[in-house]
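As written, the chain order gives the labels A, B, C, D and E, with residue 1 at the start of each chain.
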Amino acid sequence: MKKIGIADTTFARYDMASAAIKELQSQSTGFKIIRYTVPGIKDLPVACKKLFEEQSCDIVMALGMPGSEPIDKQCAHEASTGLIHAQLLCNKHIIEVFVYEDEAETSRDLAWLADRRTREHARNVIDLLFHPENLTKHAGQGLRQGFEDAGPVH
Amino acid sequence: MKKIGIADTTFARYDMASAAIKELQSQSTGFKIIRYTVPGIKDLPVACKKLFEEQSCDIVMALGMPGSEPIDKQCAHEASTGLIHAQLLCNKHIIEVFVYEDEAETSRDLAWLADRRTREHARNVIDLLFHPENLTKHAGQGLRQGFEDAGPVH
Amino acid sequence: MKKIGIADTTFARYDMASAAIKELQSQSTGFKIIRYTVPGIKDLPVACKKLFEEQSCDIVMALGMPGSEPIDKQCAHEASTGLIHAQLLCNKHIIEVFVYEDEAETSRDLAWLADRRTREHARNVIDLLFHPENLTKHAGQGLRQGFEDAGPVH
Amino acid sequence: MKKIGIADTTFARYDMASAAIKELQSQSTGFKIIRYTVPGIKDLPVACKKLFEEQSCDIVMALGMPGSEPIDKQCAHEASTGLIHAQLLCNKHIIEVFVYEDEAETSRDLAWLADRRTREHARNVIDLLFHPENLTKHAGQGLRQGFEDAGPVH
Amino acid sequence: MKKIGIADTTFARYDMASAAIKELQSQSTGFKIIRYTVPGIKDLPVACKKLFEEQSCDIVMALGMPGSEPIDKQCAHEASTGLIHAQLLCNKHIIEVFVYEDEAETSRDLAWLADRRTREHARNVIDLLFHPENLTKHAGQGLRQGFEDAGPVH
């Protein structure tokens, strides 16, 4: 049975992991979910690597909500770089779902965005794991997660 | 028989992979193409590494279209850094073809640029794989992919 | 018995390590603390790796206080990148506690912030080591270390 | 017999490799030169690694001419980071010779600068390989490659 | 007998290595010094790794003086990142001593700063190697190398 890891943080202001788990379970069956919560996004790279190597996960979602200060963007950059490094070391995908606090104007919009982007990426995880041909079908279509799709250019 | 990997994304707004495949096939024969589509450019580094290690590709094209926001440039930077890292781990070339949304003013120009840059880099792939002497013949000539060549200085 | 490493610097303007040690000991028992002081934050990544590999630590706190100049921010970025790399090489957590000199207006506030952020992260260390379920209980709650929590959005 | 690798690009607007080869041959004998041309500077790190590992080079010159746009500076940063990484993986020197398009005001000056910087670095390569004591003799002397030396301070 | 490596550059405008060697010898005995000069700061990471792996050094000082242009700061950033990487690969300390040309207003002040910062870091090297407890004694004391100490906050 396939294993999907979910790494999330106490720093985030929305329970993205619960949204991810619900969406994954509504989309498919035949997999086990393993959740691992860490303090902040810079703790995610090693958390994901541990999910691969100690928990035998086949793919991991890395969920985080960076703040809006310049230092927060730098932390997100460091975390993303580490997540890419972890993938190269393990030869497995980590789907990064980051929602920046300044992407939304109200708390309500921020919660909506975090929920929707997480759920749309959860479907990418199902496709990568079980239906990679679905992704190729949508290649070059300008898909976005959270806000509306940009669409293709002609 | 040589294997050429093509890694592309659903985020891109143009089907760069189809352009690459057509150009590769119009230029040469004697190779097999393996395509792998992922959600976004930050998923490309591990996708390329998997194409090398799990699909035995000899060279890979990494195709993507970063958006125009500052965060998109940062994502492109992280992806590029990861692509270079993947090459060093595998000792094989990944030809990165990134087209930035703000390189063109209209959708039509963006589609034109994505198509042309991809095709010109496809010819580089053929040269790297089968005719490396062609590249040395054009060394220092100020070649560009997409827009017109800058040409040499004297 | 578990071992907690504490890596700190002579550059910092507050004895964060003593605060960490006091807080760890007030929270739990059944672990040994190993302290290693280096000159500055860029010396922390290898110090942490040595604590893991030469001292068999299970987790490490990396404590530092970057200055307020642009070059100091760059040093912090390099140090953080190295700390993430060290974690990936060792498959163990390093909890980075950095306090920037320009986060507080007075010396007194800076000392207060360094003390409080260190102590709150010390509790994260105890949770990661002994009670990981506590972190999941607070996932997505907008927790902060030092200043007040941001709280969840709805 | 020692082997010197020369990695250059079709993107560059001056044939830096020919300048390097002429200068190397005018300075010394007893070595073999292996040249490898790639499309752009981001292809240089793996090209250098291949020169070390597949061609047994003892040292490599990485020659490139980044453009003048911000994206070109970012590419140069990514390439440089990769070149340093490649050196650490191989325990051998890569002498990076990058000439930025905006370092000169005219095409003629750019060609002059590319030629001169390449040749001065070619002499560093000879020293690193055959006469390391020459470098120590000039330590702290404010040497520059291309433009005039800055000289020592007292 | 312990071995201390000194990696320096011809780019620097002050003979920092001689200052380092004099200070080391005035502070302690029972070690051997091995010096290795390279052209610029981006050549330092692999030079340090070679000092560890080919010369069996126990610790290395990496001495450099970046210029004052933006590109020089970028080079310093790349060099620092590589130095941290080299340390993680070797599990040994590299004490980076960088003096930026724009840290001083006159040539004389620059020479003074380069000399003093190098010497103060040489004492850190002796402490790391022979008296690590001295560093812990000064933890959190706001020590600086070159300019005056910032001191602790209360």
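Keep in mind that, in the parts below, a residue touches a chain if its C-beta (ideal position, glycine included) is under 8 Å from a C-beta of that chain, and two chains touch if they have at least 3 such contacts.
Just so we're clear, the structure is a prediction, and the values are computed from it rather than from any experiment.
Novice: Which chains does chain D share as contact partners with chain E?
Specialist: none
Novice: What are the mutual neighbours of chain C and chain D in this structure?
Specialist: E
Novice: Tell me the rotation angle, 0 to 180 degrees, that brings the C-alpha atoms of chain A onto chain E, to the nearest 5.
Specialist: Between chain A and chain E the superposing rotation measures out at 145 degrees.
Novice: Between chain B and chain C, what distance separates the C-alpha centroids? Give it in angstrom.
Specialist: About 41 Å separates the centre of chain B from that of chain C.
Novice: If you average the Cα atoms of chain A and of chain B to get two centres, how far apart are those centres in Å?
Specialist: For chain A versus chain B, the centre distance works out to 25 Å.
Novice: Two or more other chains touching the same residue: where does that happen in chain B?
Specialist: 81, 85
Novice: If you connect every pair of chains that touch, what shape comes out? Choose line, ring, star, complete or other.
Specialist: Basically the chains close up into a ring.
Novice: Give the chain order around the ring, anchored at chain A and oriented so that chain B comes second.
Specialist: Here the ring, read from chain A toward chain B, comes out as A, B, D, E, C.
Novice: Touching chain D in the complex: which residues of chain E?
Specialist: The contact residues of chain E facing chain D are 8-18, 35-39, 42-43, 45-47, 49-50, 53-54, 67, 71, 74-75, 78-79, 81-82, 85-86, 89, 107-108, 110-111, 114.
Novice: For the complex, which residues does chain D have touching chain E?
Specialist: Checking each residue of chain D against chain E gives 73, 77, 80-81, 83-85, 87-88, 91-96, 100, 121, 124, 128, 132, 135-136, 138-145, 150-154.
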